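I'd like to ask you about the structure that follows.
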C-alpha cells in the first residue's frame, strides 16, 4: 500500500500518543498542534527514536515496525531534520554533509550536489559549524538529511529556533523543496503560517490524539470539527497571480472558482501563490451588494451551516466554483436572511492575505 | 524590632567555651603515652600492654607497630612517640647520638631468625634445603632497612647459599609483611623472626627451624625512652614494667630471650 | 643516579604505560555503559568502579595478595591456565594497578560521554550509522578531551602508586621495584641524598610528560 501507515500507542508523562494515521506518499504533510500535543513524539516514533511497544509502521509497502519486526533507525531509509540543527561540531560543513551520504545505499555524489544546490550552501562547504548563522545551519541540516537519499523526510519544527528574518531566508528553500521533492515530507510545526504555506496534507494533534487528518484545503473548511490554524477559522486557497493592476497597485489571484484582489506585492504574473481568507473577513448577502468599498465579491452557493463557539454566532461554508470559503455570521443575521444550504448567495471578502 | 547582635554573640561564645572545657581531659590524674614497637613484638607487646592497662586502669597506653628504621627517622623528625622498642639496638643508639634519648639504651631481647613455612615441613629442613629447585620463592624482610632481613642475608651468605638462593628471594617491607607472604602461600618458605613463628597464629599453620645464631650478627633488640617523654612518670613506669618478672615471662614465651635465658619452646634443631 | 634508580624509573614508566593502555581498552566500554544505560544496575556498578577510591591501598594490596595466592580464586585460575602466580611479577603489578586505577579512567570518560547527550547519536542513527559506527565516528571524537584527561590521570596515578605495589610486589629489582618503592627504601635506609635525587627525577619526568600532553590537548581554548 502506498503512503504511510502509522499506528502507535505510547504513554508519556503528560499525554498518551494514540494515533492511527494514513498519510499520502507524496507532498508535505504538516503535523500541527500545541506543544505537548505529541507532534515530536509522533515523528520520533516514525523515525524509530522512540519505541512504542505496540505499534505499526508501514512506509510505501515496507514494514518498519509491527508486532514481529522492528527496523532500527539506522536501517530506515529516512532523513531527519531536528529542531536545533544538531550539526556535528567536530566536522566541517562538508564533513557533515558527507557523513550521511557516505553511508547511504549507493553513494551517489550527484544527489548530495543537488541538495547543496537546492539549499544554496555551496559557499559554506569548508566552514566550521560554529561559524554559521542559525539559518545557514538549518540549511546544512536539511541538505545533510537529503544526502542519505531518504525515502521519507521528517522535519521537526525546523524553523522554531530561528528569528523572523532567518525564517524568511530559509522559507524559499523549503518552498523549493516542496516543489522538487518526490518523496513524502512530514513537517511538524506549531506555526499556522508555515503550515498554510507548505502543507498539502494536514494532521492536527491534540493531547496525543488525532483531531483531523486530510488535505489542507478540505480540513480547514470542516465545520464539524473547526480546525483552527491559530486563533481563527480560515480557508486556504491555491491560486495563481493572473492580473496586475499597476495603476492601483493591486494584483488578482485566480483560484478554481474566481479571483481575489490583493495589494500588489511585486509578485510576477503566473506565479503560484496561496491565499488565506479568514471567516471573520467573509460576509454573506442574498443580493448582489451595491456600492460597497469591498472589492472582492463572488458568487457562490451555501454548502453547510454549523454553530460556532459562541451561541450568538454560526459558521457557514460557501462553495465558490470548485473551492470552499467559510464565513462567520451572527445567527440573528442568518435568520433574518433566511439562508439555507443549497441557496445561491453573494460573498464579500474584506481582506485577503497572501501566504508568504 | 531588631535585636542587637552582640548579646547573642556573647552567649554563643560563652557556650562554646563551656563545651571546650567539658571536652578537656581531666589534667593531673590520667596520663597517656604512645609506644613505638618493632613489628615482631606485636603479640608479645599486646599481652604486656594489656597487663599494664589492667594494673593501671586510669592510664592510657597506645602501641604502634612498624619498622624500626622508620620509627628512628620519624622520631628524629619529631614524631610523638614516648618509648621506642626497636628490633635493632642500633636505632635507639642512633637516637641517643642525636640527643633524643631520655634514658639509657637497654637491650630487651636477642632476636633469632627461623625458617618457617605453611606448606612445607620446616622442622625437617636446614638452610641448605633452600637450594632445592622445588622451592621457587623464598621470603625475607628487606635487608636494606629491616634488621631481620639483614640478619637473614648474613646467614645465607655465611652458609654459602646466597648465590643460589638470591634469585628466588622476594622482599617484605618488614618481618610481619614477610610472614604474610609465606602465610598466604605466595612464598613457599621464609626467614622470619622466631617471635613471630612461635605465636599460635603462625605456629598452628607450620613448624619452624631455628637458624644457628653464629651465622649472623647478633640481633640485639633494645629500647629507649625518648626525650619527648623525659618528664613522663608513666613512661618510666612502663619501662620498669617491661623489665619486671611477669613481662619477662611473656617475652620468653614469645621467644624474646636475653643471653642466658632459655627460649620459650624446645629448640628442636639446635645445630651442633 | 645509580643504575638501580634508573631501572626503577624505567620500570615505573613501563607499568604506567601498560596500565593506561589496558584501561583505555577495558574502561571505555564500562564508561560508555555507565553513561548510557538506564537499568538499575547502573548504581551498583558505578559504586563498584569507585571502590578503589575509598579502599586504602595496602588493604587492597593485602586482599589481592590473598586472592592471587595459591589458595585464592585468582591464583587458582592463573595456575590452572599455566601462568603461575601473579604476586612478585610485573604482570601481577599490572593487574593490581588496573584494578586500583580503574576509577581514574572510567569516571572522566563517563562524564565526557554523558556530556555528549543523546542528540548527536540520534543524528548519527538517522544518517545511517550503526551504533558501533556512531560510537567511533561521533562519540569518540566528541569525547576526546575526556580521553586525554582520563589517560593523564591514570598514568599519573599509576606512577605514584605505592601501597598496592609494596604489598604484592616483593620489591624485586627490575621486576617490581618501581620508583616509588625505591625512594621509600632509600628513606628507610636513611639514604636521604639518594632519595632526594630519585624523587626529583620522578617529579621532573612526570611534570614533563604531563606538560607535553596538556599543552597538546586538542580542543583546548587557544589564546586569541
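Going by the order they are written in, the chains are A, B and C; count residues from 1 in each one.
The rule is simple: contacts are C-beta pairs under 8 Å (C-beta built on N, C-alpha and C of every residue); 3 or more make two chains touch, one makes a residue touch a chain.
Since the model is a prediction, treat every value here as computed from it, not as a measurement.
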Touch graph across the chains, line, ring, star, complete or other? line
Most central chain by CA mean? C
Intercentroid distance (Cα basis), subunit C paired with subunit A, Å: 56
Cα-centroid distance, subunit A relative to subunit B, in whole angstrom: 87
Could you please state the distance in Å, as a whole number, between where the Cα atoms of subunit B are centred and where those of subunit C are centred? 35
Along subunit C, where are the residues that touch subunit A in the complex? 119-120, 122-131, 133-134, 137-138, 141-142
Given the complex, residues on subunit B that touch subunit C span 67, 69-70, 72-73, 137, 139, 142, 144-145, 169-173, 177, 180-181, 184-187
For a test of understanding, state which residues of subunit A touch subunit C in their complex under the given definition. 47-49, 72-75, 78-80, 82, 86, 88-90, 99-100, 103-104, 144-145, 148
Please output the residues of subunit C touching subunit B within their complex, sorted ascending. 62, 65-66, 68-72, 75, 85, 87-88, 166-168, 170-172, 185, 187-190
